[in-house]
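The data blocks that follow each hold one structure.
Both complexes below contain chain A, partnered by chain B and then by chain C.
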Partner chain A sequence: MKGRRQPVAYLYVLPALVVFAVFLGLPFLQTFEYSFYHWDGLSASTWAGLSNYRDVVADPQLRSAFGHALMLMVFYSVVPIVIALVLTALISRAHRLRGMSVYRTVLFLPQVIATVVVATMWVSIYSSHGLLNQVLRLVGLGSLARVWLGDYSTALVAIGLVGTWLNVGLCLVLFLSGVGNIAPTLFEAARLDGANTRQEFLAISLPALRGQIAAALTLTVVSALKTFDLVYVTTRGGPGTSTTVPAYEAYNRAFNTGQVGSAAAVAVVLTVLIMVVSALINRLQPQETA
Partner chain B sequence: MRLSRREQIVDHLVLGLFALFAVVPLIGVLLSAVTPAKENEGSFAVPRRLALGNFGSAWDQGHFSTYMVASLVVTASVIVLTTMLGVLAGFAFARLSFAGSGLLFFVLLGGLLLPAEAFIIPLYFNLRGVGLTDTFLSLILPQTAQSLAFAVFWLRNQFRTFPSDIVEAARLDGARDLRVLWQVMVPASRAPIVTMCVLIGMWTWNEFLIPLVMISSDDRRTAPLGLTFFQGQHLNAYSLIAAGGVIVALPIVVAYFCLQKRFISGMLDGIADR
Partner chain C sequence: MKLKRTSLVGLAAVLSIGLAACGPGASSASQQKTGPVSTSVGSKKITLTVWDQNTDQGIDQAQQQLNSAFEKKYPNVTIKRVSRSFADLKTTLKLALSGDNPPDVVQANQGYPDMGAFVKAGFLRSMNDYAKLYDWTSYYPQSLLKLNSFSSDGKTWQGDDLYGVSQTGELVGLYYNKSLLAKAGISQPPSTLDELDADLAKVKAAGTLPIAYGDLEKSPGIHLYGFVLSALAGSQSVQDLVSSTSGSWTGDQEVQAAQTLSDWASKGYLTQGANGVSRDAAIETFGKGGAAFTITGTWQEAALEASPQAKQIGFTALTPSGSSTPVTMGGEGLAWAITSKTKHANAAAAYIDFITDEQASQTLVKLGNLPTVVPADDKPATGTLAADITTAYGTISQANGVTPYLDYATPTFYDTLTAAAQDLVAGKKTAKQFTQTLQDDYAEFDKSR
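The block that comes next holds the complex of A and B.
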């Protein structure tokens, strides 16, 4: 079977490739083309050179959109991964617990619910009579209560915490299953050598989890960069421009404010960022399984 | 090595706490969805009486009946199309040798990383140019293209590890490639194909940006798009928004509870393989 060329193979891949090229590949290349023009979506376009890209750096609104994405990365990625790692150290053998599959199912549940539904859910949690303010009033911190998504100083953090809620269970499930794959004899040997839980975690679990940590980083960082649904439903970038993100700017400029070229440049920068970040994190991945 | 009593208690405490953290917002929506609309201020509260009529109101007045049909049509079409095209291409990449196969596979794989923002803007203007915007096709075809990257990758791995002697035996019996594929390899790979369909179904059902950009008529809105539209019009109708949210999420959540092992292992494998 090997070695012999089989031209018939092209017939097998052709349908998939055509659909892929027409609806994804080609438009992707056109995004680059668009980004070099000024265009309002209707009238004739004019050559823009690199000015749309210059704006990504120079336009304060775009710059802050990318800044917000960076901030979201902390809440989507750093916070859940740190929390999940600490918990994994604490309950490293929980994968053998009776009832673990029930916990796993529940912890994973937020992953399967449409972000749009998640967003409407958090809109009411953050509303003036919502759960967060209820809890604050209950513990005597009622003076802090506010409409969290409507406040310039808290809206972005409020969105970030939804990301934390989404990702912490995912990271925990991922890390616990990773620890479950470590040979139990390693832990037994460490115990015989008198290692405590912390030493055990640092010497055995953490190195063994490199692959899972890299995967969790990629997934969560990319999801922070791609954030769109959540912002669209909860704040539309507001109040003011305090919660705009690159994906929202790209959408809004292309389809609402008639700045198609600028939108394309934002989309290109965002895509390149996602590719670079994924490639960088991929280098953390242990080589033998890569 | 069994877990000590103390370790078990700590495990249950930690996992229980975080499971609660995951589930409280979801319980909040369920409660809100059955709270009488006039009494609902968006709080987390157990209603004094159950107003199951909220679901009926969302279904009829909120137009969720049409939104759900639209989502169903789009999701089913994407699953069928992606599986058919993905099986063919995955087989070729796994089992046939042809010039450029490495490069073509690499290009397809790139689709796994591409966010929808990377192609949606020109795609919209291309489809508008040929009059395809605001149709189901404008949702089905791009989402099939998006899903294909994953499907081809997944199925190629599957068909590669398929035992060669079975394929050879079928060939000796005179079966041609296409018959070997559909009558031997596909039935034997049913489990991973179901996992793939379940994941693609979830991603398609939950997709928001593509319908938001492509669709303008109310009767072609998908369920997530319909929900945001409804929310935008009735900001304080907490009961109906919650009921609508439950309706939108329900099919995927039910599938998740029935097939949780496939969902979780599929997503974790998918993550680990990237």
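The block that comes next holds the complex of A and C.
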């Protein structure tokens, strides 16, 4: 093995690099440029300096959009990962269960359905005569029934729970494959030492799943931060502005209200935020032994 | 390590090139030069590219018929039609117009966010010369022409330059269910806001939902507030307010209109949890006889005529004090405009005239649409919903009693108003706070002009 890199290697990555540069790199730089202007998307623009970025912090509407995204992170990442870990602990013990692959498919199904379809379905579940309220009335909790997406205190949580439902399957499939990689002898040894189920899970499965948990965190946190379609279809940021998210604000400002500069600034901040968060999560990854 | 530094330098170089170039967007709208105009489309073979939003069934059929009739009349012209839904058109038209090869004819939404921005950027051709040539100035009511006009710099709406004409008319009005009103002991539909208020109380007491209202999509909030405001303040003051001529959103009547909605919500006159109910669901509830009233546009006529209660449904608008005719929000469909880069302005104008003139209006009526100028001989059978709508539109548009959609006021007003209207109905904002939010947006825009 030669220690130095060969120049010809760059030739091999060139095609991919060109595609990246043309479809991602250049547009990103262009967006970065736009973010320093006040521009309606059509007529002449004026230099804005950093004021678009200042607005991201100062404008209460934008600030709350980022706040909502952080809140969604809990429902998109933390909750599904916890649920998936519990399910993994249960399922991995019952792997000789009949029809296991059917359960796995069903739990993963939400990931396969287009988000617009998922959103439309949940709009109907959350509506005033929807499934959720019907169930509540059936069990005598009719007083709790409400239009979940129209209520200021529940709309964001309602959207978050759709995210939970979406991501549980993804996390579960990741974790199950991780548990499958653990040598059965480890469990055997633990059992011989008299470990119970809980101890087995905490001492063997959980540490072994560190890599999968980091991967699940990255995927779900990024999906929480860039949520757009779910909000666009279910609430359009409403009621009021209680469910706006950065990606929706960026879209709306660029294409509807003619604030392209501000939209670009939101998009840049969102991109940087996603990069920083993914970098932090990557530190959780078990390091390859040198 | 060395490698990393070079790539950073490279990135910095690319960035600085990007930033050194002057800002995005056209430099400024240059003075347009337009040649002499004529009704002749010539004999050269040409293709007109037309972007419209006539995707709903009735209007789509009408458009197809009108296009083929036009091609028959002028065999040298081929129409290339690109049809998109309203929301799709709104987001893609900007990009299409700023390209080097824009369509020849487009449907542009009125007001600052769309038509104003296009005029400011110099994308649309002033149509004053064609208005004289085709006598549009006497064919259309003055108030409707004004909605399609801007100052030539795009900064003042309802200015001196006409940038399009409309094919269809629209009104936001009060749909009512006759049998449910009778059940509540009401013999006549209301004609003023006070009467409506009294009727709402009676309907509620009779155990019926007074107003079916769904605002999940956020736009119905504009219709509800605009309808009440128009019925209170009258046509002139709403016109002046939306066109930034005079008035303030925190004025007495503006606050009173907001208070009315707030009261309706707290008294349970509106659908419970309306912010989470879709517009279609509300229309369906009303169409099934689940509510005595609903406030929406004439574009729901076809849907309601197909509903189970169709025979019981009537349409009306309210008369403000000091006016002899009803006043309500509405106007006309998107304006058909000519782009400034077109090479076939004469043919484009001939096309626009052809699809909006009296003969075209008859085609529109036949297929269940409401044309901007209702043909004199169009008399639907009395007592039907179609008759109510045609009569109301005729009376109100001829008396210049149509107030513009409130979201025309500023480029961001649609967002501001729709979010604030949800806050108001949910009791998150008082009437005063609601109007102050609108005024803040309005003042911000005023400063930037």
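We take it that the second predicted complex is superposed on the first by the 262 of 290 C-alpha atoms of A that agree within 3 Å, B and C clash if a C-alpha of one lies under 4 Å from a C-alpha of the other, contacts with A are read in each partner's own complex, and residues count from 1 in each chain.
Everything that follows uses one rule, which is that a residue touches a chain if its C-beta (ideal position, glycine included) is under 8 Å from a C-beta of that chain, and two chains touch if they have at least 3 such contacts.
Note that the coordinates shown come from a computational prediction; the quantities given were computed from them, not determined experimentally.
By the touch criterion defined above, A:275 lies against chain B but remains apart from chain C after alignment on the C-alpha atoms of chain A. With both structures placed on the common chain, the touch criterion links A:47 to chain C but leaves chain B unconnected. Residue contacts after overlaying the shared chain place A:108 against chain B, while chain C stays out of touching range.
The wider contact with chain A, measured as residues touched, comes from B rather than the other of chain B and chain C. By the document's definition of touching, of the two partners only chain C reaches A:37; chain B does not.
In the superposition on chain A, A:125 contacts chain B only, with no contact to chain C. When the shared chain is aligned, chain C comes close enough to touch A:258, but chain B does not.
Of the two partner chains placed by the overlay, only chain C lies in contact with A:146; chain B stays clear of it. In the superposition on chain A, the residues of chain A touched by chain B in one structure and by chain C in the other are 30, 33-34, 41, 123, 127-128, 255, 260. Chain A contributes residues 29-30, 32-34, 36-37, 39-47, 123, 126-128, 146-152, 155, 235-241, 252, 255-260 to its touches with chain C in the complex. Listed in rising order, the residues of chain B touching chain A in the complex are 1, 3, 7-8, 10-12, 14-16, 18-19, 21-26, 28-29, 32, 41-44, 81, 84-86, 88-89, 91-93, 95-99, 101, 104, 107-108, 111, 113-115, 117-126, 141-142, 144-146, 148-149, 152, 164, 177, 202, 205-206, 208-209, 212-213, 223-225, 227-228, 231, 238, 241-242, 244-245, 248-249, 252-253, 256-257, 260, 263-264, 267-268, 271-272, 274. Interface residues of chain C facing chain A in the complex, by the touch rule stated above, are 14-15, 18-19, 21, 23-29, 90-91, 94, 97-98, 113, 117-118, 120-123, 154, 215-218, 271-278, 281, 411-412, 414-415, 418-420, 422-423, 426, 428. Residues of chain A touching chain B in their complex: 1-10, 12-13, 15-17, 19-20, 22-28, 30-31, 33-34, 41, 87, 90-91, 93-94, 96-97, 99-100, 103-118, 120-125, 127-131, 134, 165, 168-169, 172-174, 177, 184, 187-188, 211-212, 215-216, 218-219, 222, 225-226, 228-229, 232-233, 246-247, 250-251, 254-255, 260, 263-264, 267-268, 270-271, 274-275, 278.
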